[in-house]
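Okay, so chain A shows up in both of these, paired with chain B first and chain C after.
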Partner chain A sequence: MLDKNAIGRASPPTLNEVEKGAIRRFAEAIGDYNPIYYDEEYARASGYPTIIAPPTFPASFHSAADLRELLGVGIKSLLHAEQGFDYERPIFAGDRIYVSTRVSDVFERPGMSGKMDIAVIEDEGRDEEGNLVFRARRTLVVRAAKETP
Partner chain B sequence: MPARKLYFEAIRVGDELPALAKAPVDRVQLSRYAGASGDFNPVHVDELYAKSVGMPSVYAPGMLVMGMLGQLISDWARGGQMRRYNVRFIKMVWPGDTVVCKGRVSDRHGSGGRYFVEIDLWAENQKGELVMKGSSQIQLFYSLEDENRQRSGQSPIVVEVPRESLSNATANAAAPTSPSGSAAPGGEDEDPDERHAGVSSKKTVPREKPAAKTASLPAAKKAKK
Partner chain C sequence: MPRTYQPGDTFTHVRECDRYRPIYYAGASGDYNPIHIDPEAGSAAGLNGNILQGLCTLGWVVEAIAGFVEDPGRVRRVKARFSRPVRPEDTITFQGRVTAVQDGRLTAEVSATNQRGEDVLKGAVVEAFIG
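Now for the complex of A and B:
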C-alpha cells in the first residue's frame, strides 16, 4: 500500500521552452506529417500565430519531479495504465511553459494477482503570466521495491 | 493552402473518422520517439535490458500509440481545438505491429456560441486486437460563417444544441427530417469523402436554426475579407 500522505506532494515549476525543432522531431517520431507542426506559413494560414505542437507533446516536458521522492517509495516497476490531457489552448512554438507535477491520488485497485497500487500523477503547465495551458494526468500501476527485512 | 476545415454543423453523432493505418512500428521509431520525448526507459530502446526483465523484446511506449491516435483526431478535426484527450492502454505494441486508429462521434453539443463534439477512439493491432481505447472533446466553429464572424471580432453564431446520445441519433436518422440517414451509428460502409462532400445538403436540422437574436448574418457577410 502506497503512503496516502503522498497525495498533494508536488514539485516546483520547471521552465520548458517549446522549440520548433523539438516539435518537428516529436511529430516525425510519431510519423505525423501534418504541416501544422512543420510549416509556419501553413500554420498561420490555418489561423494560428505560429506552428503548434501535437497533442501529446507535453509528454516531452521536463519537470523537477522524482516519482520516488513524491511517492516516498523505491520503485521496482511502473506500468502506465491511463493518460489524460485537458487543454486550455494549443501549445505554440516559442511558448515558455512552467510545468509542475503533483501526486493527485494514491489508492489500491483489485488486480489479477492481488491488489495493485495505483498512483495518479498530475502535471500542470502554465505560461509566464500564470495562465493554465494544459493539465496532464498519468495513472500508474506502481510496484514498490521490496524493503529489506 | 490549408486543408479544408471541419465545422460543427457538418458533424453528426455516429460519424466515423476515416481510419488511420500507421506504418509498422520498428526499433528505429522507438529510438526516435525516445529521443524526441526524452523518455529513455530502457524497456523501449534496449533489447538486452527488455529481455533481462522478461519481455520478448522492446515495446512501444504507450505515449507513442497515444500520439498516433492523436494524429487521427487532428487529421479529421482540422480547424478544431482539442479540449480533452484521454486514453487507457490495453495491450502492448511490439516492433512489427501495425497500429490502426479509429474513432466515432459519440456526441455533439453547443451552448453560448461554443460548440463541441465528443469522439470515442480506439486503436487496434494488425490482428484486430484492441491496444488502446479513449475519448476526446474537440471545440469547433459552428460554420465557416461563424469562424469569419469571430475572426473579424464579431459575436459568434449562437445555436443551442443539447447533448445527443447515440440512441437519439438513431431516432433522428429514422425520422424524415434526416433524409440521408447518415447519422445512423454503425455506418461503417460509408465513404468518408462522400460524407464530407455531402454535408451541405444536411445541415438544416430545424431545431438548430440560429436563434433570431443572431440573425444579423448578412452583416457578417459584409465583414468577410
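Now for the complex of A and C:
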C-alpha cells in the first residue's frame, strides 16, 4: 500500500506559458473546432481580450511534480479514475500560469483483483499576481513497481 | 435576447473516438501513457487494447455544455468518474440535463454512453455561468 506520509507532499510552482499554437492543437486533438480557440476577432466579439483555451487545457500543463517522488514509489502503471476542474476564469492565450501539485490523499479501495492503491492529486494554477485560475483534482489507480524508485 | 434556462432542459452531443484519437490527444496533452497509444501495452495492463485518455472524454463533456451555454468561457466546473474505458471506434453519446439554475449559474448532470448503451462516465456534473 502507498505510504500515508506522501499526503501533503507538494511540488514547487512551475511556469506554463499558454501559447496560441498549443491551444489550437489541443482543441484539434479533442476535435473541437470552436473558433473561440483560434480566431482572435471571434474571441474579441465574444467579449474576451484574446482567444481562450478549452477548459480542459490544463491537462497539457506540466508541473515539477514527479509522481514517483511525490508518492515515494516506483510506478508500474497508472489508471485515471476521476477528474474534476474548477475555474475562476477562462485561460487566455498569453497567460503565464504557475502550476503546483500536491498529494491530497492516498488510500486503498477494494478492486476486481484485490486491493487497489488510490492517490488523489490536486493541481492549482495561479497567474503572476498569485490569483487562482483553476484547481484540478485527479484520482489515480496506482500500480507500484516492485523495485524501489 | 439572452436565452433562458430551466431545470429539466436537456442537451445532447455525440463524438466518435476515431482510431487515431488517443494519439492526437497524446500529442496535444503530453499524456503518452502507453495504455493510450499502444494496443499491446493496453492488453498487457488487462485493458484488452488501447483506451482513450479520460481527459479527452471530459473535454467532450465540456464541449457539450459549452455548446449548450454558447460559450466555453462560461464553464466553471466539470467533474466525472471514468467508469468504463472508451476505445478506438467507439461512439459516445452525451446527454445533459439541467438540475439547477441559480444566481446566474447553471448545474447539469451529464451521462455518457457508448454504442452498446454502456455508461463510460459516472457522476458527471458541469456548472456554467449563464448571466
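By our rule, the second predicted complex is superposed on the first by the 146 of 149 C-alpha atoms of A that agree within 3 Å, B and C clash if a C-alpha of one lies under 4 Å from a C-alpha of the other, contacts with A are read in each partner's own complex, and residues count from 1 in each chain.
Everything below uses one rule, namely that a contact is a pair of C-beta atoms (placed from the backbone, for glycine too) under 8 Å apart; a residue touches a chain by one contact, two chains touch by 3 or more.
Since this is a predicted model, take the numbers as computed values, not measurements.
S.K.: Have a look at where A:34 lands relative to chain B and chain C in the superposition and call it first, second, both or neither.
M.R.: A:34 contacts both chain B and chain C.
S.K.: May I ask you to decide whether A:86 touches chain B, chain C, both, or neither, giving the answer as first, second, both or neither?
M.R.: A:86 sits against chain B and chain C alike.
S.K.: Once the shared chain is lined up, is A:54 touching chain B (first), chain C (second), both, or neither of them?
M.R.: both
S.K.: Where does A:42 make contact in the superposed view: on chain B (first), on chain C (second), on both, or on neither?
M.R.: Touch partner of A:42: chain B, not chain C.
S.K.: Identify the partner contact of A:131: answer first if only chain B is touched, second if only chain C is, both if each is, neither if none is.
M.R.: Neither chain B nor chain C is touched by A:131.
S.K.: So chain A touches chain B in one structure and chain C in the other; where do those two contact lists coincide?
M.R.: 22, 25-26, 28-32, 34, 36, 46, 54-56, 59-60, 62, 77, 80-87, 90
S.K.: Given the complex with chain A, which residues does chain B contribute to the contact?
M.R.: Listed in rising order, the residues of chain B that touch chain A are 1-2, 5, 22-23, 29, 32-33, 35-39, 53, 61-64, 66-68, 70-71, 73-75, 78-79, 81-89, 147, 151.
S.K.: For a test of understanding, state which residues of chain C touch chain A in their complex under the given definition.
M.R.: Interface residues on the chain C side: 15, 21, 24-25, 27-31, 33, 35, 45, 53-56, 58-60, 62-63, 66, 71-73, 75-82.
S.K.: For chain A, which residues are in contact with chain C within the complex?
M.R.: By the definition above, chain A touches chain C via 22, 25-26, 28-32, 34, 36-37, 46, 48, 52, 54-56, 59-60, 62, 77-87, 90, 137, 139.
S.K.: In their complex, what parts of chain A are in touch with chain B?
M.R.: 22, 25-26, 28-32, 34, 36, 42, 45-47, 54-56, 59-60, 62, 77, 80-87, 89-90
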